[in-house]
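The following pair of complexes shares a single chain, chain A, combined with chain B in the former and chain C in the latter.
Coming up: the complex of A and B.
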């Protein structure tokens, strides 16, 4: 039935493996070992053009940060619209599949905007954020959000929504809101730390 | 031959949905569980700070 060597539950096995990997990375010494190894990379980030512009020209940093926040607003809006429709709270007169597909496109663009502007901003304050635990929480949450969206949620919602178990559909919607809420909350937390 | 392919496709589709569903269940369960523990700990730490600072 399945061409994969892992059998018919390939995606599930990969998901479980990935969750074990993330928790293993977060709660073992491997994380602190990596923390030391990547320090020179953060030092180098501050010496790049992005780092120099971000540090010396406050207006440029503020301009890029504004785009970053607008991208975050777009991301939050697309998540709330899609998950709100799946949960039956919003726009119930529009087919769920239409909203889910359009919000997926919006979310993909908003991710491109937030990640590219985020890299610029990180260069300007690289050594500051390196020492902030909340920055690392955000990176883990962002990675979890991206993986969840593209490797779990999207493949599930590509199928006819009527054929999917409604409890799993709702659980997916709630987790999507929670994971992106964590990304946004830890992102704003960076602004109030250090 | 064609009949067996036509029969196999819905079965393959069904298996694909089951795999996507179970993978989503595992991921959603982990995220919801983690979020409950994480935010409970955050709220508890804020309560402890308020208690230290203002005594409530």
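Coming up: the complex of A and C.
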């Protein structure tokens, strides 16, 4: 990234630009226009095999939801183990880099499980979740979590942890816990909104 | 036995706090959400420990260290889940006590506890010989697989409790009625 046209602050500039784009999207008519444009996609989701299976057999939907929960458990465990290590609360006698790298692998797998099962579930209730504000909050939180983890946290933690400002490290760890907790909580909230 | 369980459940159902909890707009949701979200703590830590035994996580960290360091947060998570689980049962005691999924879940929780005890004992006796290995010996791995399997079915059964497919209010085979603890002529569901 230091060889890019934007120089050594490429990631910072890209992040700020992305935040500006998100605000521009959120507070202009573009958001409501896009909301109407994606409606046919949600209609189509319910006609897919996933949608038909999810709507016809409640047991299949519930079973996939359970796999989603188990993936969430693995995600929670990997996040708490890694951030607990960074915050000096867990496994302090194990090198932090080891814990962080191993947990990254586990988090990646748990994301694959939760996102794939989430897509299946979404197909089964596509038109319901289209009208649910909390579903969109969850998607925002998920997008924030994925981007934060892969574009901010992971590149930061590739450096030697001793060279990173301890306050920045702790803020990163706490932010990671909060954003993934937000994803889980909004997901639970969907269950109460139906 | 089923009559006894039904009697106790009806007695609990008649208590004031059971009705308050069941009919509360926010409290029940908070308790249930805490029960589900604490999965991330308790089962998350447990999965890391089991995956370490199987060689799929932290293969370069001593197994005993993973088990020791993650034990406390796992127990904290389980205590919270236990308390919220009792509250959830207390809110809807009759339906919960007569839910086949709930009964299977309770049996499996006992199986999980027994498996954890056996696994812990086996580990304590032998860990010094394989602690640095990326995978535990086969006897420990079997325990880890059983742990993962039992807990996965616990979560499945917990999710299925919400569905009324096998509830006593429905017409179903006598065996299901017996296993779920349905009582002939019961007036409370």
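The rule we apply is simple: the second predicted complex is superposed on the first by the 192 of 194 C-alpha atoms of A that agree within 3 Å, B and C clash if a C-alpha of one lies under 4 Å from a C-alpha of the other, contacts with A are read in each partner's own complex, and residues count from 1 in each chain.
Heads up, the rule we're going with is that contacts are C-beta pairs under 8 Å (C-beta built on N, C-alpha and C of every residue); 3 or more make two chains touch, one makes a residue touch a chain.
All figures in this text were calculated on a predicted structure; none of them were measured in a lab.
Undergrad: Kindly classify A:72 by the partners it touches after superposition: chain B alone (first), chain C alone (second), both, or neither?
TA: After superposing on A, A:72 lies in contact with chain C but is clear of chain B.
Undergrad: For A:80, is the partner it touches chain B (first), chain C (second), both, or none of the two (neither)?
TA: After superposition on chain A, A:80 lies in contact with chain C alone.
Undergrad: Mind working out whether A:15 is in touch with chain B, chain C, both or neither, as first, second, both or neither?
TA: The answer is first: A:15 touches chain B but not chain C.
Undergrad: Using the touch definition from the top, say if A:91 reaches chain B (first), chain C (second), both or neither.
TA: Second partner only.
Undergrad: Check whether A:34 is in contact with chain B, with chain C, with both or with neither, and answer first, second, both or neither.
TA: Neither: A:34 stays clear of chain B and chain C.
Undergrad: Give one of first, second, both or neither to describe whether A:182 is in contact with chain B, with chain C, with both, or with none.
TA: Touch status of A:182: first partner only.
Undergrad: Answer with first, second, both or neither: which of chain B and chain C does A:165 touch in the superposed model?
TA: first
Undergrad: Enumerate the residues of chain A that count as touching chain B in its complex and touching chain C in the other.
TA: After superposing on chain A, no chain A residue contacts both chain B and chain C.
Undergrad: If you look only at chain A, which of its residues touch chain C in the complex?
TA: Listed in rising order, the residues of chain A that touch chain C are 58-59, 62-63, 65-66, 69-70, 72-81, 84, 90-91, 93-94, 98-99, 102, 105-106, 181, 184-185, 188, 192.
Undergrad: Show me the residue ranges of chain C that touch chain A in the complex, using the header's touch definition.
TA: These residues of chain C touch chain A: 29, 33, 36-37, 39-41, 43-48, 51, 57-58, 60-61, 65-66, 69-70, 73, 152, 155-156, 159-160, 162-163, 165.
Undergrad: List the residues on chain A that touch chain B in their complex, please.
TA: Residues of chain A touching chain B: 1-2, 8-12, 14-16, 19, 144, 148, 152-153, 155-156, 158-159, 163-165, 168, 171-172, 174-175, 178-179, 182.
Undergrad: Can you list the chain B residues touching chain A in their complex?
TA: Against chain A, chain B makes touches at 8, 11-13, 15-32, 35, 38.
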